[in-house]
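Just below is one structure, and these are the notes that go with it.
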Amino acid sequence: MTDPNIILIALLMPALTALIVSRLDALPDMRDGVSILGALATFGAVLLTLQAFLEGTPLSITLFEVMPGLTLNFTLEPLGMVFATVASGLWIITAIYSVGYMRGAGEKNQTRFYICFALAITGALGIAFAGNLFTLFIFYEMLTVVTYPLVAHKQTPEARAGARTYISILLGTSIAFFLTAIIWTWSLTGTLEFTPGGILSGHISPVFTGVLLALFAFGVGKAALMPFHRWLPAAMVAPTPVSALLHAVAVVKAGVFTLLKIGIYIFGIGLLSRTGASEWLMWLAAASILISSIIALNQDNLKARLAYSTISQLAYVTLGLALANQMGVIGGALQIMTHALGKVTLFMAAGAIYVATHKTHVSELDGLGRQMPFTFAAFTIAALSIIGLPPLGGAWTKWYLMLSSAEAGHQVLIVVLMISSLLNVAYLLPISARGFFYPPSRQRGYDMSTEKLPPVKMAEAPWFCVVPLCITALGCIVLFFTIGDLYEFLLRIPLLPLEGVTP
Amino acid sequence: MPDTMINMDLVTGHYNYWLVVVLMMTGLFITVSRGNLIKKIVGLNLFQTSVFMLYISMGKIKGGTAPILTDDPATVYSNPLPHVLILTAIVVGIATTALALALIIRIRESYGTIEADEILEIEHQIDDPDPSPTNPANALMARIRGNR
Amino acid sequence: MSHHTILRVVAKFLIPPIILYALYVQWHGDYGPGGGFQAGVIFAVAFILYALVFGLDALVRVFPTAVIRILFSLGVLIYAGTGFVAMFFGKNFLDYSYLGHDPVHAQEWGILLVEFGVGLTVATVMIAIFIAFASRIPSISDEEW
Amino acid sequence: MSNLPALQIILPLMAAPICAMVGRPKFAWGLATLVAWASFAISILLFLSVRDGTVISYDMGGWAPPLGIEYRVDVLNAFVLMIVSGMTSFVMPYALKSVASELHESQHAYFYTAFLLCMTGLMGVAITGDAFNVFVFLEISSLSTYALVAMGAARDKRALTAAFNYLIMGTIGATFFVIGLGMMYMVTGTLNMADLAQKIAANGDSRTLRMGFSFVLVGIGLKLAMFPLHLWLPNAYSYAPSAVTTFLASTATKVAIYVMARFMFSIFGFDYDFQANTMQFIMLPLALVAMFAASTVAIFQEDLKRMLAYSSVAQVGYMLLGMSFLTQLGLTATVVHMFNHALIKGGLFMAAGCFIYAVNSSRIDDLKGLGRIMPWTSAAFVLGGLGLIGVPMTAGFISKWYLMQAAFELDWWPIALLIVASSLLAVIYVWRMVEVLYLRDLPEKNDVRAVPLTMLVPMWGLLLLSVYFGVSADITVSAASRAANALIGASNIFWQSGG
């Protein structure tokens, strides 16, 4: 299959799903079925593009030219393939999961939910396949707009307020900074194509490189770089499948993916490492990692805790980029995958707990582990992956990032990463611990070591909820063992001028 | 001195311009400062008329007669073009005045007054006295006021 | 106003000369001072005077508003139409040279026609404005003045 | 073919009295619609024939300029003519039901008469090559506009005072304009634009000329609602009948901007120092203030049409900003934005009109939850709103793109940042509407009238066009770029082939 139209098919598949779903308001079963089928078809199409890409056929398609030199173009490249595969693959799982969740929690306006959900995937795929910055920006904005109804789904005042924060920060940063940066780039270079080795080299002074990078880094609000991270916790008012897919996978990953792409194909890693323009970004990312982890420690609301954890984990990717060497880029790209799998499991587990018990706070979870063993087991595996313990996928990310830090000569960052791991342990594992080892209704002065825990009947959430999160938890393990192929694949990311600079 | 570009034969002195300026400012001042709508229109007419006079005096040539063809080739004519222009402008002015007066009558009928400040008060009452809560800005203002 | 006999008589005497004068100004406009604008206003004055003395109802009986509406539109149409027809003779808009064998004569005819249109419109519009203002029911009774 | 420039004006001019004469609403509407479409066709033909840079000069009555009045069509003119006649073509079908619901039946024929006259005036302003003729046409359009705005009194009596205030301001503006013309006439002894340009270039600067320039600038500034001369606009737009608001918002200010550009660049010349100073030290700051102040005020509005009206003032700021860059790119941005904003604001005001038709109110509080029952109108509003913000793939994005390009070209990147910052304000007021439409619950008792297709189709037509021109901006941008070239090379390109 070398027809470049396959890209379009992959892109349009979710949109088509949305269209069909919108006609099936009266038939919930059909609607949910179509939604899952659409997800499968999309994943299939993405796999086809992946196959074509692996065969080495350069696939590129230009839809039309908006202005001379400014086209709507889709081009395959390794980084985008990773993101597309992750997003579309996890869509299947979340699609199944959301059927269970939405029915289990009895949410209203389900049709709107599925429509926007599918459209969001189109947005994410568009970002993944974008061949130039302009195309990327379009789908970036589209993703913001279509996820807004999802965040505001419950339509309560809190949901509205959260959604307002969400949309204002994301649209605001993207228009104020991202767009400015894009137009600036355009007026400097006259092109926005993603070019291996970057397009800015030789067009911009080192000082302005830093300024432009700042515009991009803060402009891509979806990367949740502090201090523009407020939207992420605010968006946690959304139903959990939304949090799971969009705020563990599509939206936030779109942000850091965009940053990676800009770093690699617009600035060029060579330019970044030569000028040191990204050094400030590195420290900011490190600060983001630590600060948000500490905030996460103090969150009692489970989803809020996970949200702050996400902010911290996203900063890993930014860090990888800011280190400006090959290991850093690979570490960042791997983090997109491993964190996606891990965090989606965590969120789905949180959702499953809510569906089964209507509990949302960490302090309420005591003893639930034995009531919901699968959910909590999956939660623990995913948590360990996030922490970075082998044999789980997350381990590799930390490994490459540490290698990269060493290579860049910033040993301090290794310490930062280690502290971060410790903090991860501190805010994630107590949840599992409470679930498994605390008695359901803990009274003051209760002695855990002596008394036997009362037997609990198993009461999991619907299987539609539980099976997907077990699959993703398994995925975390599988990822650890398949890392070799992935690494080979990621080596294909063209970092042209770098080869001369670093050994 | 760049002002010599004005044909000095056309402008025998600047006194006409001074008169026009005084008239113009009087008219403009009345239009802006009076609250009575009719007085506003009077001011507006004064203002327009001053401009007509500006044009007409501009076209006047010393010793020139009305621009009508005669058999005597030595006749000096005033410049007819400003007259033509101002004829058009007068028609426009009349139309404006008529329209304005018609509006005033309608305003009088529906508001019962032609004083600008009273009309403004009535209009403020038509606007909903309590600000809408759907407006985030209003909510913000309300909060600020409440805190004080 | 039945007791204002002098006024009524004088008005009746005045109106025909006013109309005549208006017509003079109108048809004189093609080669001397005059023309549609002035003539139209003078013409309208005759009717306005009539209405002032004999009442608005009398005027509307003489000159129904529907007629006025048609006439003031017609005036514009005569003006624009004269120019418009020129196009069918391969001339520019408002180039009247098609109206006669020699251009000067044709221009005179053209101006005459156009001025007639203008006069018609101005006269009827002035009357219409007068009627429109005068026919409003006063919201302040006479005693309150 | 050769009479096209005249036909462009005469068709609506002659149709207007016919409408008044016949006096039947349906007939008036039909005639007006036909004339609008014919005008649109004519303007397209004109545009096609001047696209390559030729200039058509048409002598009225066969009197050659500079004595006679000439109509002069170049790329910029033709572009503006297309905007005006095109917008009328879209508004006319929309007006049928909208006007029927907002105006008393006895007014309909006069409504279309005034509408056609207004269109005549606006197109006359655009097409004429005679400076005084500009004034006459400007007043034709203004007078009919006052009447049209006042017709809104059938729905809200405040339309009367709005029209009155507009009349006062508009007349002052027009009179200022005439004073300026008088000054220019004193210096040059001519009123033909081409002749004026040559004489001004030959005579050089003088105090009278500067006075003339200033008066013209302020006069036109009043007409185009240049901040802070915009005070008439919000009320006039809010209380006028919806069809009128749509028409005015998308054409009247655009034509006034055209006049300003024409006078500044074609007549006074691109390199007139006094003008350059005025632009950079007065116009530029005012434009920036307009972008922020008007948008901020828009956020606080309780009425949809008023909100959009304030947004228009802000958008005029964008156009003036583009002009005050005094570069080819800046002018291109202005012309592109004239076109794009006409489409977007036209569509948005049509949507506002649809809401008024459906629930007889444009108060934002009365529109709660309408997204559910009026999906098409609401979606159209959102689409237009996105265009206003300048989201990519909408026409607004193209305008913003070029405006920012122009700023970057001069290395004025703080201004580029201000441009995007001001569009954030647009995000706030647009999003507020989105929230009201989609995330509020419908009030218990609602009597919502179904909006007829004749209103929906033109609205969607405009908005889809705005998306189309956001996706393939080649046509608009190249036309605008040529128009800007025509303005810049005023003395050497524009005037040579004709007079």
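Going in written order, the chains are labelled A, B, C and D, and every chain counts its residues from 1.
Please note the rule applied: a contact is a pair of C-beta atoms (placed from the backbone, for glycine too) under 8 Å apart; a residue touches a chain by one contact, two chains touch by 3 or more.
Quick caveat: nothing in here was measured; it's all calculated off a predicted structure.
Which two chains have the most C-beta pairs in contact?
B-D
Need the most distant chain from chain A, centre defined as the mean of C-alpha atoms.
C
Based on mean C-alpha positions, which chain is nearest the centroid of every protein C-alpha shown?
Minimum centroid-to-centroid distance belongs to D.
How big is the gap, in whole Å, between where the Cα atoms of chain C centre and where those of chain D centre?
35
Nearest whole angstrom, what separates the Cα centre of chain B from the Cα centre of chain D?
Once rounded, the distance between the two centres reads 23 Å.
Using CA atom averages as chain centres, what separation in Å is found between chain A and chain C?
Roughly 79 Å separates the two chain centres.
How many angstrom between the C-alpha centroids of chain D and chain A?
45
In chain B, which residues are in touch with two or more of the other chains?
Counting only residues that touch two or more other chains, chain B contributes 136.
Can you list the chain D residues in contact with two or more other chains?
428, 435
Of all residues in chain C, which touch chain B in the complex?
32-33, 37, 129, 132-133, 136, 139
For chain D, which residues are in contact with chain C within the complex?
3, 6-7, 10, 13-14, 16-18, 20-21, 23, 58-62
Under the definition above, what is the set of chain D residues touching chain B in their complex?
Within the complex, chain D contacts chain B at residues 132, 135-136, 139, 143, 146-147, 150, 153, 157-158, 160-161, 163-164, 167-168, 171-172, 174-175, 178-179, 182, 185-187, 189, 191, 203-208, 299-302, 363-365, 368, 428, 432, 435-436, 440.
Provide the residue numbers of chain A that touch chain D in the complex, in ascending order.
Residue positions touching the partner: 64-68, 72, 134, 137-138, 141, 145, 149, 152, 155, 160, 163-164, 167-168, 171-172, 175-177, 179-180, 183-184, 186-187.
Inside the complex, what are the residues of chain C that reach chain D?
69-70, 72-77, 80-81, 83-84, 87, 91-97
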